Structure formats: structure tokens, C-alpha cells
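The two complexes that follow have subunit A in common; it is paired with subunit B in the first and with subunit C in the second.
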Partner chain A sequence: MDTALVAIVSTGAIGGVLGVVIGVVAKAFAVETDERIERVGELLPGANCGGCGFAGCADFAKAVVGARALPGQCPVCSPDDVRNISQYLGIEAEQKEKRVAVVRCSGDCANTVRTLYNGIRDCRSAVVVAGGAKGCDHGCLGFGSCANACPFGAIEIRDGLAVVHPELCVGCENCVATCPKNLIVMVQASVDVHVYCNSPEKGAAKRLVCKTACIACRKCVKAGEEGQMVVDGFLVRTNYENPPTTDLVEKSQCPTSALRLASKHAANEYQGAAK
Partner chain B sequence: MNEKPRKFKGGVHPDDSKALSASKPIQDAPLLEKYTVIMHQNIGAPPELVVKKGDAVKKGALLAKATGFVSVPLHAPTSGIVSAIDKCPGPTGLAIPAIEITADGSDEWGSPFEPIADWRQCPPAELRQRVADAGVVGMGGAGFPSHVKLSPPPGKEIDTLILNGAECEPYLTADHRLMLEQAEEVVVGAAIIARIIGLDTAIIGVEDNKPDAIAALEAVAGRYNVRVQALPVNYPQGAEKQLIYAITGREVPVGKLPMDVKCVVQNVASAVAVADAVVRGRPSIERVTTITGKPVVRPGNWRLRIGTPIAKALELAGGISEQPAKLLLGGPMMGIAQRSLGVTVMKNTSGILLIAGDEVSLYTSEPCIRCGRCVEVCPMSILPATISQAVENKRFDWAQQLNVTACIECGSCSYVCPSHRPLNQHFKWAKVEIQSKLRKK
Partner chain C sequence: MLSEFLVITVGAILVNNFVLSKFLGICPFLGVSKKLDTALGMSGAVVFVMTLASLVASLVNRFLLVPMKLEFLQTLVFIVVIAALVQLVEIILQKVSAKLYESLGIFLPLITTNCAVLGCVVLNAKSAPGSVQSTWYGATIYGFCSAVGFALALVLFSSLREKLDLARVPKAFEGTAISLITAGILAMAFLGFSGLV
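Here is the complex of A and B:
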């Protein structure tokens, strides 16, 4: 009984003394923090994707408060978020244009020639072996290196093809460097018309291995206004400086359905469109 | 008189299946209508085209010239017209530029150089230039330009020349037949190479499962002061570093070259190409290739011209009796799987191997059970299991610390792994990632 009492009293006493010491030290050696950093950090999305170029959201918040960066540099922030942060800091909110990733390939398993591949399920590894076992040397391999790199789950691997969901994509660019075929580009989210092909081969060669390749027939070039679609070798590309309107896809009647709307492509509405 | 060869660490003993083609003499392939010469056949810089579409060329004429030191020229496999310069499936699976020659049927020689009749009196520098001009590469599989190996930088002393006739890859018998039927040319090639690097002797290493080839070489070797060394059968006996160890007892340090341990290694087929270039004044436009495998009707060894389409080569061997599951260029251990028949024979195509459906299985990779068999068989004494885990977690820096770059990709670890882990592919991948990181810096 006595022993227990001694233990309780002495532990309590030590606790009390240490508590006072900690309290004093905490006051005396307090690190001054700018509460604005914490507040901006709360207003940021907290995805830690690194898309802004800083080491994470906390680092970016510090940079914003220190006026070394603008809130709009965060690719994940919506215009509302940017406005809230700007208001809080009393700075002017800048106009921000959302950018999204586009995987320039439409060759899913149903439309392309493929060889049996039983190796490591990673594009960057598959490309070391026989170039990735896809008939087209330039197409999406579909093992999802980009999808794994996406912190927002915006890339879906559907039937051996990486498909970006523009509404989920925030434009952090984490996927761009992972693609061994360099298929991913960042474009303005406002543009919906893209050519889902990146093969520089001749049209006939492309058609042998892929039903949805761009064969540079120029139907879309003629259907649109001048300069909206540009011809680049055996490939047509959207001119992102002067983008076409969404009705171009309907008007041009792309014979291979390589010309697609990103929103419909994501919703899988082009299945079986190929002749 | 032979010194007893040393046994290198590790190695495996796969079924060699050489009986399919070992007894078949080398046959000359008939002239084809078209040859497609792949532009980049060597390690190093691709050569630069010197012909254009529509040009008439003689057999042996220069098609593309070397661009720099580590690069080799290409020559026409027959006389005819350059009918196209287009892309063709390359050995890695990706399309690469190629020159298509449509034969005119006369097969008339127009070699860019004369034979050097008395090579024993010829200055070594001139012989070395001839090897470079003839476009000789390592014909065992790597395709490394031979003249580069024969040009040790100043200060590097060479005291041993080893000719690689081990042919440890299962199925392949091209070098075996070459040593048996053209023993003299192999030995002359060895003597010429020895002269180029300032030696008067050479050693030919041959695995002792080829006693007839050893006997044939020994019958002529003495006259040229060349020694034949029988080696025990152990895959990868024919890997450069393992061969050097077996014959000289010297270990090539990680990241160093054979010349750092005073050795030069050349393949026996390359030696024949060197002899052809010097004694007969002919560029490297043909090679002996084994066409084999269970689905092949008449497996055998053919002297094929560079640029022969694989499909045509298979026709020579009587076509196929059943649908193959796999087409490999090279042997089953290190050969490169192909996804089309459009590839053509290159200077380093030692074999065309078809594997039947019942000879292969589709395995799923299972977790490592840490049995250590890969560590036991690894001839480079690295830790395949650990490196594989590092790569699986994309820790390429860790893989680099574990010396993945020392891996010679012999495939012994993948061969023994009871969990069917794609170890070799992990290492290839890691090497590519490490390389691209170095390039970015």
C-alpha cells in the first residue's frame, strides 16, 4: 500500500515539474510561424502532387505567402480556390487557364495488332523487350505507367489503352515523363477536339496495325476553318493556338475515328466507330 | 600440353539441343531476289547512307559509311539495284531504316578493296584499317565493331588474344560447323588479329562438347602458332569475362573492359570475317547462321547473306511443320524474341530459333521465396533476387548500388528461378533507366 502511494506521488511530482519545464521552454524558445502559411496550406488542396514545382503543398504555401509564387501556379486549385487564397492574402487573383493531359493514341486492344507479352506489366519495362509487343511502334502500350504516376486517378487503363478523364485531370504533369512513347501532352482544358494518334508512319503502314490511326486524309483540315487543324507529315494535329469547335468531329466524318472529343473519348463513346 | 581451364563461378546446364543441327554441313543459300539490309547493325553510331534509291551496286559495294570510330560500314550483299530505302522491323521490335537491294542475278563482285596476299608482311595498322573498312563486328551476338577492340589505347598492353569458339548457347551450331569446316580460316583470322595487336600467338577456346571441331582446329593451329583450349561445358562459358577467367585466371573488374586485364576476345566467326577481308579482299556480307528448333522441318546451318529475310531463311530449312510459339534471333538463353517475320539477317544473327507451343509455358511471376538459386548460378556474383526486388519497387538507385550494371544478361538466374520471376527483364529495365538518368545529367 505504502509503495503504491510513494509511486503515485513521486510520478505525479516528476510529471508536474517536467510539465512546468516544458511549458517554460516552449514559451522561451517558441519558433515564430506565420499563421498565414498555415491558413494558405488549409486552403490548398493538399494533394502534394508537386505539379507547382515545389516540394509539396506546405512548401508551396510558404512560397505563396513569401510572394515567391502565385496561387494560380497550383494546377489543382479551382478558380474559386485561387480567389479565396488571393482574397485572404489581399493580392490580386490572376486568371488561370486549366490544362489537362491528352494521351495521343486511340489504339485499344480491339483496334490494334498485338503480340503475346508475358513480361513485367510496366510500359517502361515492356518497351525494353521487343518494343512493347504492340503492332504500332508509337502507340500506347497500356500497362499503365502513367496511370500509376497519376495522384488523382485521372487516367484509366481501358482495354489496353490509357484514357484521360479531363474532369479529374488537374494538369500536374506527373504522367508526361513516364510515357516511354512520349504520347502525353498538356493542352488547354477548353479544347475538346484532339487527334488520338501520334504515329509518324505512312497511312497504309498505320492501317495495317491499327484501325483508329490518323491516316492524314485531311477531311478534318478541309471541314474546319483554315489553320485549325495542321498537317504534320503523315499526321494531322489540332492547332492549340487556334482550336476548332467541337462540331468539327461531326462535320469532318473522320474515317478512322482518330479525331475525337476528349469528353466523349473518356466516356467510351467511340467503341466500334472504326470501319 | 593444355593447361587445365579454370571453372568460373556459377553457370547452368540447360539441355543443349545441338543434335538437331550439329551434324548438318554448312550450305550456301541460293541467291534471292531481294535483300533488306538493316542500317544499324553494330553497337555504336549508325553508319551514313552513301547510295540513293535507283543506284546500281555491285556485290560488296559500299552502301553506308562509318560515322566515327565506333561505327562500321555496310556493303551490298549482291549486285543489283537499290530499290528502296525504307523502314523495316528491327531486331528490338521497333522499325529502323533499311536498304532494299533487288538482285540483278549476276552476283558480280565489286569489292571496294584488293586482297592483301602477304598479310605476314603487311603493317598492322593497314590490317586494322582493313578490318574497319570491311565492317567486321562481333558476330557472336553483341555486334561490337571489331576494329575498336583491336585498337587498345596507348598505355594499354595486350598479352593474350582469345578466340571465342565456346558456343555455349543451346541449339546454336553455326560456330561449331565453321570451326570444323573452315578451321584453317579461323586460325588464319586468329593469326591476323594477333598481328594487328602485336602478338604472335592466340588461344582458341572451345567447349569440349565439340571434339571434332577441336581436332580440326588442332590439325592446323600449330602452323600458325595458335593454341586450342578445350573448356568444360558450362553456360555461359562463351561470355567474354567468363572465358577470360577460364583461360587466363584473370577477372575483369566491374565496369572495366577485357583490355584492362591485357586480353582481347574475338568470336571465331569474326575471325573468319577478318580472314575473308584480308586474304580474299571481301567485306563482311555473309555469315553462318543456325536455323533450328522443333517446328523447323530441316534444321541446319546456312551461309546467309546479310539482309536475308527471316521468312526466306526459314523456307531454306524446309519451312515449318507446326505453328511455332516463339521466334528468337540467337539462342534460347540470350536470343531476342521477335514479333514479326519481317526482320532480316544481320551480322550478329547467329541463329534463327523457333520454339514449339508445347515447349514453352506461360508462367505468372510469383513472389521471391529467397531460395538463393539465382545467387548461386550468377556468373557475375551479383544478387539477382535483391536487385529484382529493388527494380520492382522502382528503386533504380539501389539497383545501381547493387551493381546491376555488371549483369551480362546471360539469363541463368531466370532459368533457375522456381518462382518464374522475370529477373533478366528487371535488369535490362534497370540498365535502361540508369542509362537514361546518366544521359539527363
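Here is the complex of A and C:
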């Protein structure tokens, strides 16, 4: 009985003393935190993608409250989110256009010449072995280094080709640096017409290894208004300063189907389009 | 005296490694070993807490529990003391050194329930009376060395797992299975140290 009593009292005393000590220390060492940081953090997406250039959403919230960054620097926030945060902090909201990634290659396994590759399933490793096991030296290798880097699951690897789903892409740019072939560019989300080829080789050489290469036939240049498509060596590119309308793809009748709408490309509507 | 400390050091780090031969702290060993930098963060936090906990718990044991003949309360009291200590350290650290607080981050509160910390403290309390380990400084050194052993195992294992991510593992062994097999092989390698002390 005695032992039990001693045990109960002493354990209770230890617990009580520790509790009081923690309480006192917590009061004495209290750190003042700005409640606005927490509130802004709640309004941010919380994906911690790092697209803003800060270590995560919490770090970005701290920077925004400390006026070291603007809410619009978050590539993921919708204009509404940016407006909410700006309103809460009482600062001007700035306008910016949403940007999405485009993988400038359409050479999936069905349309390209490829050799056997048994190494590490990663583009940056594969490119070390003779530039990748693909006939085209400039095309997508399809091991999905970019897809692995995407925190939003917006890049699909379909038949050995990375395809961006523009409706899922938030423009954080995490994928851009992962591509050893530099195929990924950020463009305005409002532009839907892109040339899915990035090879500077001559048209005939490209066609030997890829059915969907851009051969610079200029059909699209002629079909569109002046300056909408620009010729760059043996490659035609969309002029993102003066973008063409979506009906250009229909009008130009691209013989290799390298000219595509990003939305239809994501929905796999160009399968078998190349002749 | 010095040779006894050497025995404790080599024994705790290599021969009786907490993770690989005593099988304590397996949860963080598997949980935070996916990346080398998180493993380093966790290791730092464990070294910090385990050293402090060994010191405080051995003092509590020596000057409170033993004189009052309450040795049977060791587990209970040690858990309370460790939890309170971690809490205290966290509060003070946040104020005094925000940098260190941020780098230890979430790992500090996680260690509250780490069985390696409790195991170390209990081993100290149960060591033979009169041995170096039963004194407060011996206990502290043992705690520190055990934590270094834990850190060594964690860093080795996380480096292995980073390599494993790139290896082509048979489908059936992917993920946790291959990690456990690797941990087993690592433990067998550490078995080579047995008999050293």
C-alpha cells in the first residue's frame, strides 16, 4: 500500500513539475509569429512545388507578407487566389497570364526508329549512351524524367513520348530543366497551336527516322496570316508573340501532322495521322 | 578509465549497433531513410536528444528513483522525462537558434516516441552498479555513442536506398521488400564486428 502511494504521489509530482516547467519556459521563450503568414499559407495551394523560387509554400507566404515577393509570383494560384491574397494583405493584385509547358516532339514509338536500350530508365542516363536510343538525335526519349519531376501529374508518357496535359499543367517549370534534349518550353496557355518537332536537321533526314517530323514545307506559313508561323532553318515554329488561331491546323493540312493542337494532342487524337 | 570509454564507444557504434544488432529504432530507420539529407536531419536530431535524454534520465534514476526504491517506475518516468525534455528543447531552440530549429524541423517531435532513445536510457539504468555506464557521465557518453551508431546505420542505409531507386529490382521485391532485405544484409555485415570488444 505504501509503495503504491509513494509511486502515485511521486509520479504525479514529476508530471506536475515537468508540466509547470514547460509552461513557464513556453511563456518565457514564446516566439512572436505573424498570424498573416499562416493565413496567406492557407490561401496558397500548398503543393510545395517550388515554382515560385522559394523553398515551399510556407517560405513563399513568409516572403509575401514580408513584401519580398508578390502573390502573383506563384505560378499555381488562379487569378482568384491571387486576388484573395492581395485583398487580404491590402496590396495591388497584378495580372499575369497562365503559362503551360509544351514538349516539342511528337515522335512516339509508332512513328520513330528506335534501337534497344537496356540501361537505367531515365532520360538523363539514357542520353549518355550515344545520345539516346532513338533515330532522331533531338527527340523525346520517353523515359519520363519530366513526368517524375511534375508534382501535378500533368505529363503522361504515352508510347514512349512525353505528352503534357495543358488542363493539368500549372506552369511551375519543374520539368523544363529535367529534359536532356531541351524539348520543354513554357508558352501562354491561350495558344493551342504548336509545332511538335525540335530537330534542326534537313527534312529528308528527319523523315528517315520519324514520320511526324516537321519538314518545313511551309504549308502552315502560307495558310495562316503573315508572321503567325516563323521559319527557323529546317523547322517552322509558332510565333508566340502573334499566335495563329486554332483553325490553322485544319486549314494547313500538315503532311506529317507535326503541327498540332495541344488539347487534341493530349487527348491522343493524332494517332495514325502521319502518312 | 580511458580504455573503458573506448570500449563503450566502439561497442555502441559498431559492435552493438542500436539498429543493426539491437534492432531498436527500426521505424525511423525505414521511415526516413529514403533520402540522404532527411536521414542526416534525423541523425542530427537523434544525437542531440539521445545525449541529453541519457544525461537527464540517469540523474533522475540515480537521485530520485533509486533512493525512493521506485525502480519499477523506470519506463513510465523515463517516457515522461524524455517527452518533456524534447518539448523543452524544441521551445528553447525555436527562440534561441531558429536556424537549428528549422534544420531539425519535424524530426525533433518525432523522436519523442523513438524506442532507441527509451532503449538507451533503460539500458543505462539496468547496467551493473559500479560500472562506468551507471555513472551520469558514462551514461551520457553511451547515449551519444549509441546515437552516433544509429546515425551511421541511417546514413549508410539511406545511401544504399538512393542507389536502389535506380536499380532494376524484380517486381515482387520492389519498395519495402528490397529495403528490408538490404537492411538484413547490412546487419549481417555489422555482425563482422562482433567479438571486437
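In the analysis below, the second predicted complex is superposed on the first by the 274 of 275 C-alpha atoms of A that agree within 3 Å, B and C clash if a C-alpha of one lies under 4 Å from a C-alpha of the other, contacts with A are read in each partner's own complex, and residues count from 1 in each chain.
Methods note: a residue touches a chain if its C-beta (ideal position, glycine included) is under 8 Å from a C-beta of that chain, and two chains touch if they have at least 3 such contacts.
None of these values were measured; they are calculated from a predicted model.
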| item | value |
| --- | --- |
| Subunit B versus subunit C as contact partner of A:V129, first or second or both or neither | first |
| Which of subunit B and subunit C A:V231 touches, first, second, both or neither | neither |
| Touched partner set for A:A110, first subunit B, second subunit C, both or neither | neither |
| First, second, both or neither for A:I120, with subunit B first and subunit C second | both |
| Partner chain in contact with A:E201 - subunit B first, subunit C second, else both or neither | first |
| First (subunit B), second (subunit C), both or neither touched by A:V9 | neither |
| Touching partner for A:A177 - first (subunit B), second (subunit C), both, neither | neither |
| Subunit B versus subunit C as contact partner of A:A267, first or second or both or neither | neither |
| Touching partner for A:V24 - first (subunit B), second (subunit C), both, neither | neither |
| On subunit A, positions contacted by subunit B and by subunit C | 120, 122, 125 |
| Subunit C residues within the subunit A interface of the complex | 60, 64, 68-70, 72-73, 76-77, 80-81, 84, 87-88, 91-92, 94-96, 166, 168 |
| Complex interface listing, subunit A residues touching subunit B | 115-116, 118-120, 122, 124-125, 128-133, 135, 137, 201, 205 |
| Complex interface listing, subunit B residues touching subunit A | 87, 92-95, 336-339, 362-363, 365, 422, 425-426, 428-429, 432-433 |
| Residue ranges of subunit A touching subunit C (in the complex, touch as defined) | 3, 6-7, 10-11, 14-15, 18-19, 21-22, 25-26, 29-31, 120-122, 125 |
